[in-house]
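First the structure, then my questions, so here it is.
Labels run A, B, C and D following the written order; every chain starts at residue 1.
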Amino acid sequence: MIRLQFGIGLKYEISGTSADFIFNIQAARTSSQRVVTEALSLGQQVEAESYTDPSTDNRYLRVQAQPGTFTVRYDATVDITHHFEAPHRIDEVAIANLPFDVMQYVYPSRYCQSDRLRAEATREFGNMRRGYSRVLAIQEWVRQRTKFQIGSSHTGTSALDTFVEQRGVCRDFAHLMIAMCRALNIPARFVTGIDYGAAPELGVPDFHAYVEAYLGGRWYVFEPSGISPPTGLVRIGTGRDAADVSFATMFGTMKAYAPLVSITAVEDPSRGIFLPEHSADAISTHHGEMARLG
Amino acid sequence: MIRLQFGIGLKYEISGTSADFIFNIQAARTSSQRVVTEALSLGQQVEAESYTDPSTDNRYLRVQAQPGTFTVRYDATVDITHHFEAPHRIDEVAIANLPFDVMQYVYPSRYCQSDRLRAEATREFGNMRRGYSRVLAIQEWVRQRTKFQIGSSHTGTSALDTFVEQRGVCRDFAHLMIAMCRALNIPARFVTGIDYGAAPELGVPDFHAYVEAYLGGRWYVFEPSGISPPTGLVRIGTGRDAADVSFATMFGTMKAYAPLVSITAVEDPSRGIFLPEHSADAISTHHGEMARLG
Amino acid sequence: MIRLQFGIGLKYEISGTSADFIFNIQAARTSSQRVVTEALSLGQQVEAESYTDPSTDNRYLRVQAQPGTFTVRYDATVDITHHFEAPHRIDEVAIANLPFDVMQYVYPSRYCQSDRLRAEATREFGNMRRGYSRVLAIQEWVRQRTKFQIGSSHTGTSALDTFVEQRGVCRDFAHLMIAMCRALNIPARFVTGIDYGAAPELGVPDFHAYVEAYLGGRWYVFEPSGISPPTGLVRIGTGRDAADVSFATMFGTMKAYAPLVSITAVEDPSRGIFLPEHSADAISTHHGEMARLG
Amino acid sequence: MIRLQFGIGLKYEISGTSADFIFNIQAARTSSQRVVTEALSLGQQVEAESYTDPSTDNRYLRVQAQPGTFTVRYDATVDITHHFEAPHRIDEVAIANLPFDVMQYVYPSRYCQSDRLRAEATREFGNMRRGYSRVLAIQEWVRQRTKFQIGSSHTGTSALDTFVEQRGVCRDFAHLMIAMCRALNIPARFVTGIDYGAAPELGVPDFHAYVEAYLGGRWYVFEPSGISPPTGLVRIGTGRDAADVSFATMFGTMKAYAPLVSITAVEDPSRGIFLPEHSADAISTHHGEMARLG
């Protein structure tokens, strides 16, 4: 188990009569991620509606803000329990055995056009032994061919673009890896969060995006951009791709400032500090059955 | 109320060791669509698993078929109750008032890249009075600029392609209309079904795709390809676009034959026959709240 | 006749062992554009090879520069003679009557995918009366639907992108207008130069790109971005699109600084100053026959 | 030297008032390809204008045909002299040493978006020893990753599509190979012709497209689709890509039938028959200097 404390500060300058926001910045509450403490504050006297999506556990806040400066501050401490598994013991799951609610993660989506990448995926990985190691090979392939370059992509950039241009940021690495997995009928999805790798020495911490692939009856974590150890990832949003889980969806006329993000590993009084580390084991923080069916 | 009877015949020749299918061909059961009778038969001695998605009411069948010929036959009679509303009474719903589970239909998806069509949508419809009439104007715009041409598009064709090429089939008309609605923050979704317009005199009946837009607290039906009166549409699948609701998703090596589809309006003993007709009213067969929250 | 004096200053910081440049920055010498004086200076002791393309009159300089700072300075005074014609007297030229060497400007090119814009062009302009006025309508259509926005496009942006995104800079306006003309079998080409509209009060002067369409046996000038009066344009390069006539094609590792561009209308001792002005007439500075066949 | 005899039969059904054609079906006359005999016949009493492009040697015929059936028949016998060179002796040519009129074949074009394939080309071939062998490696890479599949591409398909979809016909193989060469600053161009590999046993003979790369001061022939021995290729059109050298560009309303193509190796009385064969040598039929500068 690891205890991580993180904070998110957002700031907007609203110029219209009002602006609507849908935020997805709160730590997800799952059986593997316990929210120990959390605090939310809004910089205007406005009401926030909250909603938790029953199928993804995503927590949404809807706010209508007034003209002027609008700030949002969220801080949380979470305990994350990791499931470790020896990679060689993890198989792919045949279509016939996939839970039905996992099927949606096999289909193409806005930024993960797996249908168009089928030829590439089949040529590169079609004859490879199935299992966790094949997905690890896809992750390695993405990491080797793609250059991490801030500013080299934009909100319209998709897996197909990243496949061609071979550069991008964490979101683009994730989209390409997801599309390649799906092209081989391996369910894969997009997770947003805060990463322990976002430590000050690596530049300005920011929101992060990573990948989960459904293998051996669980969702296993992959970090194709290689920024963070997989044990240092907090889960905020889970979806098919970035179109589903933007940390802030904005409607209206405004200026958005860069988010301020911080994260630290904290001491659990009973156990001391455990720092996120790289591991030879496969790591999962989400079992495969949906909570609502449990 | 209208009573429609329809049949679907599918045929495959499977050449590999086995093939997996996920079918979405059964009539949805909703508070507006009652399945009076139905019958399903599979041409092999195989087991079919069934699953109804709680958020869309889509009914899925998963089958693993053996080498050789594999046929599927489904027949159903459904009673459809239409909600009629005077168009001028139907408003758009502000972001602040949208049900949370409707929000996903505002975001871009695989075949409906609303993010990229925002400039076009804003230029054409940004200053138009909001409400049902604006969505009707979008439908008319799609219909006027797009040529219905069998064979002019393929499974990879998206709203962006249809915007440029200006030709396609019902699925392409639906994707373009959906993308334009979402670009204006109007929730819109893709519905598959069988259409009464698929009558023999109009050529070989086939599966159909149409549009629902969320307005005035309900999902209203739009038929951008103009093939069928909106009252003549049976609902099978509901999703974000064609990536979500293929009538048959196939895994394996096979030859697929053209589906055989038929539909007739039938007599309700107590009321006679009511034929689907065009109407000046707006038509809805889906209220806005989710069934599972009801 | 108008006498214009312009200057171009380029600066690079070369970090590799050497770098190759192909410049196309010298004023074209044509029967309508006389180079009165010109001066070129290179900031390194390197040899420049020069070449004038016989079919376009483009003047190229090839230089291999050494590591360190490399500057290029070019100044010229040119006299431009404009051919004025009443728009209603200018017809389109039938395919059967086009000079063979003009045909290449009917075909699609890297940034002007006229083949894909045929549906749009036909729908918008297919039934319009042919002639100069139709091309003017295309120019107006481009100008109305496209937002001039520095930084909204990049070197890979094509006419198709600009058609969708509806924003760009002069180069993008030109590409879209060219593609639409070609889609209607009207030869159109891309011209680079310096524009009198690039006056200090309009921001930092820069290289400019505009359009010529082949009508009535001549190449007529169009300025879809509306920045400069067509009489205020100096011709540097002529080609199918920006892929043909970059002002600087660079090979090697270097940092390029923003070019410094200046232009003024100068006094012709015998005639006084004539400032470029907008005109109701159509304007041409290039007859249709090729120089080498003259 | 090889003597080849080929024939081309074209047929159209014209439904409008008239139709314009620009044909590029006649054997090019170059210093390496001598037209021994040729015969052209048109199936209507119409005049054909002919034009030979001075920079490419392409021979064009322009015809305005009347409603009804229109046929074109062309037969020729050509003697082709091949320049053979040991591959290890052929170097790439530095930018600084390229003839200026070859430069255009380094730039991207409609179907060869070399600018967008630069990352891929650099990753795969950037560190490879320069020379003929590197271009051979590109050819092999194209051939290995691309499936020859009639009907899998269309007239809009570009190198970028073929890179992603990994299937196509000879034209697509050529476009991808050209784009990859240009991305490495190796001039490459598109040649159309008739290929001896188009023998009856390989299916219906058809027009062919292949590649020339500029190396060691000459244009060397490459046949990425692997259909024909490079010594069995007749040259008809030379251009930047398929946009430049369509065998028939049509303007008007018509139905086009599939072309009839035949080719045989014929006996030269003084030397017997020499059949086209594969060779370990590099083969060129075009020196690098332009005829008009000779």
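Note that a contact is a pair of C-beta atoms (placed from the backbone, for glycine too) under 8 Å apart; a residue touches a chain by one contact, two chains touch by 3 or more.
Source: prediction; values computed, not measured.
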Ask   = Which chains make contact with subunit B and with subunit C at once?
value = none
Path length in the contact graph (subunit A to subunit C, fewest steps) = 2
Key: Separation of subunit B from subunit D, taking each centre as the mean of its C-alpha atoms, in whole Å   = 47
Task = Take the average of all CA coordinates in subunit C, do the same for subunit D, and state the distance between these two points in whole angstrom.
result = 31
Remark   = Within subunit B, the set of residues that touch 2 or more other chains is 116
Remark   = Chain-chain contacts, ordered by label, are A-B, A-D, B-C, C-D
Query = If you look only at subunit D, which of its residues touch subunit A in the complex?
reply = 116-117, 119-120, 123, 145, 147, 160, 163-167
Note = Listed in rising order, subunit C residues that touch subunit D in their complex are 20, 22, 51, 53-55, 60, 62, 64, 94-96, 100-101, 103-104, 107-110, 113, 115-116, 155-156, 185, 243-244, 249, 251, 292
